[in-house]
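For clarity, chains are labelled A, B, C, D, E and F in written order, and residue numbers in each chain start from 1.
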Amino acid sequence: MRIAEMTFVEYEARLRETDPVVVIPAGALEQHGPHLPLATDAIIPTRLAEMAAPRINGLIAPAFTYGVRSQPKSGGGEHFCGTTSLWGSTYALMLSDVVQAFGRHGVKKLVILDGHSENQHFLVEGIERALIELRRDGITDMRVIRLGYWTTISQSVQDVLFPTGPVNWDLEHAAVMETSVMMHLEPGLVRLDKIPDEPMAVFPPYETFPLDPRPIPSCGALSSARAATAEKGRVVVDSLLDDFATIIPSAFA
Amino acid sequence: MRIAEMTFVEYEARLRETDPVVVIPAGALEQHGPHLPLATDAIIPTRLAEMAAPRINGLIAPAFTYGVRSQPKSGGGEHFCGTTSLWGSTYALMLSDVVQAFGRHGVKKLVILDGHSENQHFLVEGIERALIELRRDGITDMRVIRLGYWTTISQSVQDVLFPTGPVNWDLEHAAVMETSVMMHLEPGLVRLDKIPDEPMAVFPPYETFPLDPRPIPSCGALSSARAATAEKGRVVVDSLLDDFATIIPSAFA
Amino acid sequence: MRIAEMTFVEYEARLRETDPVVVIPAGALEQHGPHLPLATDAIIPTRLAEMAAPRINGLIAPAFTYGVRSQPKSGGGEHFCGTTSLWGSTYALMLSDVVQAFGRHGVKKLVILDGHSENQHFLVEGIERALIELRRDGITDMRVIRLGYWTTISQSVQDVLFPTGPVNWDLEHAAVMETSVMMHLEPGLVRLDKIPDEPMAVFPPYETFPLDPRPIPSCGALSSARAATAEKGRVVVDSLLDDFATIIPSAFA
Amino acid sequence: MRIAEMTFVEYEARLRETDPVVVIPAGALEQHGPHLPLATDAIIPTRLAEMAAPRINGLIAPAFTYGVRSQPKSGGGEHFCGTTSLWGSTYALMLSDVVQAFGRHGVKKLVILDGHSENQHFLVEGIERALIELRRDGITDMRVIRLGYWTTISQSVQDVLFPTGPVNWDLEHAAVMETSVMMHLEPGLVRLDKIPDEPMAVFPPYETFPLDPRPIPSCGALSSARAATAEKGRVVVDSLLDDFATIIPSAFA
Amino acid sequence: MRIAEMTFVEYEARLRETDPVVVIPAGALEQHGPHLPLATDAIIPTRLAEMAAPRINGLIAPAFTYGVRSQPKSGGGEHFCGTTSLWGSTYALMLSDVVQAFGRHGVKKLVILDGHSENQHFLVEGIERALIELRRDGITDMRVIRLGYWTTISQSVQDVLFPTGPVNWDLEHAAVMETSVMMHLEPGLVRLDKIPDEPMAVFPPYETFPLDPRPIPSCGALSSARAATAEKGRVVVDSLLDDFATIIPSAFA
Amino acid sequence: MRIAEMTFVEYEARLRETDPVVVIPAGALEQHGPHLPLATDAIIPTRLAEMAAPRINGLIAPAFTYGVRSQPKSGGGEHFCGTTSLWGSTYALMLSDVVQAFGRHGVKKLVILDGHSENQHFLVEGIERALIELRRDGITDMRVIRLGYWTTISQSVQDVLFPTGPVNWDLEHAAVMETSVMMHLEPGLVRLDKIPDEPMAVFPPYETFPLDPRPIPSCGALSSARAATAEKGRVVVDSLLDDFATIIPSAFA
């Protein structure tokens, strides 16, 4: 189900015979606190895509492992050593080229499964540009959806994740949700002894340029990850897989 | 206080003598339902900036009247006749050129007062690029803040606006908040007899490309605007002006 | 007649029912001497467009308020504090996006009414690129004209403006014509006590880079504005409005 | 004196020892009527540069032989078969790369000798961008001038060229001046039996897009070339060479 | 040693303490015959980098998994279903952003280990642009090397690989070398029963556009892969690892 | 046969009547040792094209006289004074504009005759982009070939050129082949007393950035040119002309 590992003959046959859903995980190489690996935003959607694949007739394309520039309020910002990003304009071009290529192969169902919120608007720009190009070459039957994997987490799962009440999703960077999911999916990559417990970052309602590092926790996590557990991660993942099994086919119906 | 109406001699003197805050309203030309004008997203931040100017030693630059491409979930999308947008990559270039020019004038305090949520990430890209350029020319003392005007609306004001409970801000397009504010600021531009009352739009958690028009209310408003009143608008505006008078100077302290 | 103030419903109806001429004023934020406002190049074509609108079935789009980089021989150059410009390449992209949007709305008659000579060639590049894009999407029935508002000033009006003989239009920056027109259209924005009376700038036949400030009058006006009068402005404006009422419909016949 | 024909060792020695003026002829491949070759706009400034070289300590760089897109009012437009042009944005990038390279060599005096009016504003954009780049690399001692070769033609020479009175320079495309100069410089390339004698083109004060071919003479010349003579060409060339010998050194003094 | 799996704290410490060599594998998603996976060009340099890492104090960055457009003579061309590429200009931008990010982290030794020959010239363009940007921000101590992994295969190893004589490296696409290496490194990903044995492709000395499919074997391999063996792959890999252990440190000495 | 010297009327007639092959020589302005002129890479393909023209019904377009940035291993690198290059991305845009223009004229057979190896991949990018644009405008009958002139030199001619055995073509910069050809074609431009005889450059298998000047001979030639003779040049040229007379027509058959 990994396109990377298929031969072109197998891929082409699969495409022609079963009209699969191609999923591109869109990640980042971005600091995720002292306890999570830099590629967390790529690992989670990649693993989710692979697990979801059998239920959605999915093929998994190679992930975008470098993401759009990190912002202080959602990822801590570009000044963290290790955060390795693309300008949004570069990212949109890259995405557009790749979407066009899949369209020319004959892919009709394409999911961009986003794991890094800063990618979102540049993914949209890239997809829109790609579809204009494809349409001019007579390819009008590809549908693309962009899905931030965390956006489908249901209220009941949120109640499990955050029993003390609603959460600010933007500040869930390297915090309970991501940590729990990684503890479940990739326990070997989580430094349990480094899980940070600093208070939630408090930002002004505006953004400051040049970046003002003062409101950004030096540990990199924007909220405490202390309450993370592998079990919470399992609940999230199971629930997401169920959601994807419903949502994705319906998006292409 | 409008830079457009000042001579360059007056502007330069003001800059050298009082170190003012320059505010650029960042709007859009985008459908805002059958009752609000296409330039709503430009009019509101422009008027707010003008009203706030005396309290923040502000100078108002000409607004960006064309914004980034409208998205279905926040503005209805590009298929509405009248929505007239720029690609995000164009927008970031435009913004970068203008920010650089103000930096070269000697402006040290620049506020981008955003009225159109789709602008946000491309504003950031443009500002970041501009500051890199300026830094290379030895200009390092300009600070820029980006502020979505609605992001400072306090909880108590939200309670007035939405007495029945919390609201989905993304779907507040052409709805109670914008309509109320326009009824207060520009009553002559609101078609009271056309205020829409369709139920709140319901979108899937993903975006679909090409755009799927089905979940988008044909009236263009993403929530009902029926509960809008000029008095609510007055409360919002008065509160925002108080907020700006505190927040903006502190951002440059 | 201002698109900014129309609802999308009104705009669409007007478009479908009367096939109007949409006019985009293309201005600048550029020094105009010690007596004229920075937005002079935007104000004049905007006001002319608004006054002409009833006679040409015109709708006025929001002006481009930032223009292409000022050149010494036509606008004094970029080193004046207050001049706030775009690179030509940015400008052409911006224009192309906007022209395409109007084309997709169904506008068939589009006028770019230019008030800043440095815009000219980048307007052309942007329009040509937009029409290529539109043509590829099957939109072939929009005609665009670019008109520098001052280019239609007749010889008899020039005789009124410049009774002592022909003038070098390039050096008419912030001089008799613009000052007269602003005195007529926006008397409150003209600093009558600051009208400059320096001799006409004398430039070599070449341009020098980096800019050589020596031939550029420090007052910013490239010729004396002393002979400006509101009455001359009235004559120019009345004549231009008559011209537009003839020229513009004929351009779309 | 042709850089193309020098070895790098000779070029470098010349640069270090005599601080020469490097001249880049900026031409076009554009229809020039039934009687003049397509490269007229490149040939004239190249030949002028070569003839002027001894008097200005000049070195001649390879000409830009493809120019910016032809406009109807100055070159007839892009629809003529044979006109082979670059987009302005491409041209500015090309120019910027080349100007930077000469700056890095250590050239301190660079002349862009323009033979195609449509190049002008994109030359300026390219030069300005190049100087920003060079300045950031510590190269601040190169001065560049842009000179349209025809702009220095004196009134007395114009009286010889156009004895019947002043001429519209924009419409002098493939007309008396260019034809005369080519008859003098490159008589073998002028088809004397094809010299056109159509009346001067009459254009409206605006430009129309898509291009309206009706006002454009199908012969390609925008004015009659009948009055051209080799002797007139000699007068122009001799005068220009004298002018260049004065103007160019003074521009770098 | 995989940066993707390190926390930013670990990465930063490693960088500051041991001055490691960062290796970015540059691959492609490109048809590699009926027997090799589409990601062959990414898998080989990634695996080589991981195996080499302990001997060169290496850290492995996430691979570029999408490469520059495939050319008929070196990869079969873009018309194969499954080949999924970027335009070279996109690729250079992407590379430049990433190289700059590593430079800002403080990486001083960066290797681009290339597995896809079409990447080469755009890698160079991206690296050169990145170093200009970094230099302007005062970062001058990063050295970057670009190394096509196959270019270090020694003559003695070539004798093992190709006992019947010298080979045309360009046509070694999906042929003996790549197949042998994959049989050694990733035996589970090689379809042994599909190894193609078509004669070597014969191309004219030029390239044809639009692409002429006739000289391109429909199996996708440009030479026969029949002589591939895992043992040959082992010889190549062992030799390359020895080479890298010598070459890479010496490149940064 | 030089398009530059034809009128548009002659060119158009020729195009319509004889369906000629248009050849664009793609050169460079790049150091070629102490003995060859900077434009060697432009001069050779231009002269070859002109000599080949009668046998292939050829028309010669103006050469691209500035090429893609010189690389140490094939041209010595950008640090040589006199080498004057374009970024690859600029070059691809320039090429694309020109190819499109010829396509719109109705040219059906276009040869890019390349004399500078660094141009190659950017020529390909430019041609591919141009054909996409043309196809969208309904022009599908132009075929373009890219031909490095030296790539057709036969083995028997190589035996004459290099009697002591095979040569590394990359290092043949300003060496025996180019020097011999120039001695035959342009004897006046070869400094016979400066022919360098340094040993062949030895490069590591990787490229280093910033450029490492140590392996690059300071004379600029990458191999000895001592064995060059005009007679060898004649053999090469005669052979190439024969080759072109066969290859080029067959490419368009």
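As a working rule, a contact is a pair of C-beta atoms (placed from the backbone, for glycine too) under 8 Å apart; a residue touches a chain by one contact, two chains touch by 3 or more.
Being a predicted model, the structure only gives us computed values, none of them experimental.
Asks: Among the chains, which is located farthest from chain E on the basis of C-alpha centroids?
Replies: Between chain E and every other chain, the largest centroid distance is to C.
Asks: Where the centre means the average of the CA atoms, what chain is farthest from chain A?
Replies: In terms of C-alpha centroids, the chain at the greatest distance from chain A is D.
Asks: Between chain A and chain F, tell me the centre distance in angstrom, where each centre is the average of that chain's C-alpha atoms.
Replies: Chain centres of chain A and chain F, defined by C-alpha means, are spaced 47 Å apart.
Asks: Report the inter-centroid distance (CA atoms only) between chain B and chain C in whole Å.
Replies: Averaging C-alpha atoms per chain gives centres 27 Å apart.
Asks: Where does chain F touch two or more other chains at once, residue-wise?
Replies: 87, 89, 136
Asks: Using the touch rule from the top, collect the residues of chain F that touch chain E in their complex.
Replies: Touch list, chain F to chain E: 69, 71, 87-89, 92, 111, 118, 120-122, 124-125, 127-129, 131, 143-148, 151-152, 204-210, 247, 250-251.
Asks: Can you tell me which positions in chain E touch chain A when the two form their complex?
Replies: For this pair, the touching residues of chain E are 3-9, 11-12, 15, 29, 31-39, 42-43, 61-63, 65-66, 80-87, 89-90, 93-94, 97-98, 101-102, 105-106, 189, 191, 194, 220.
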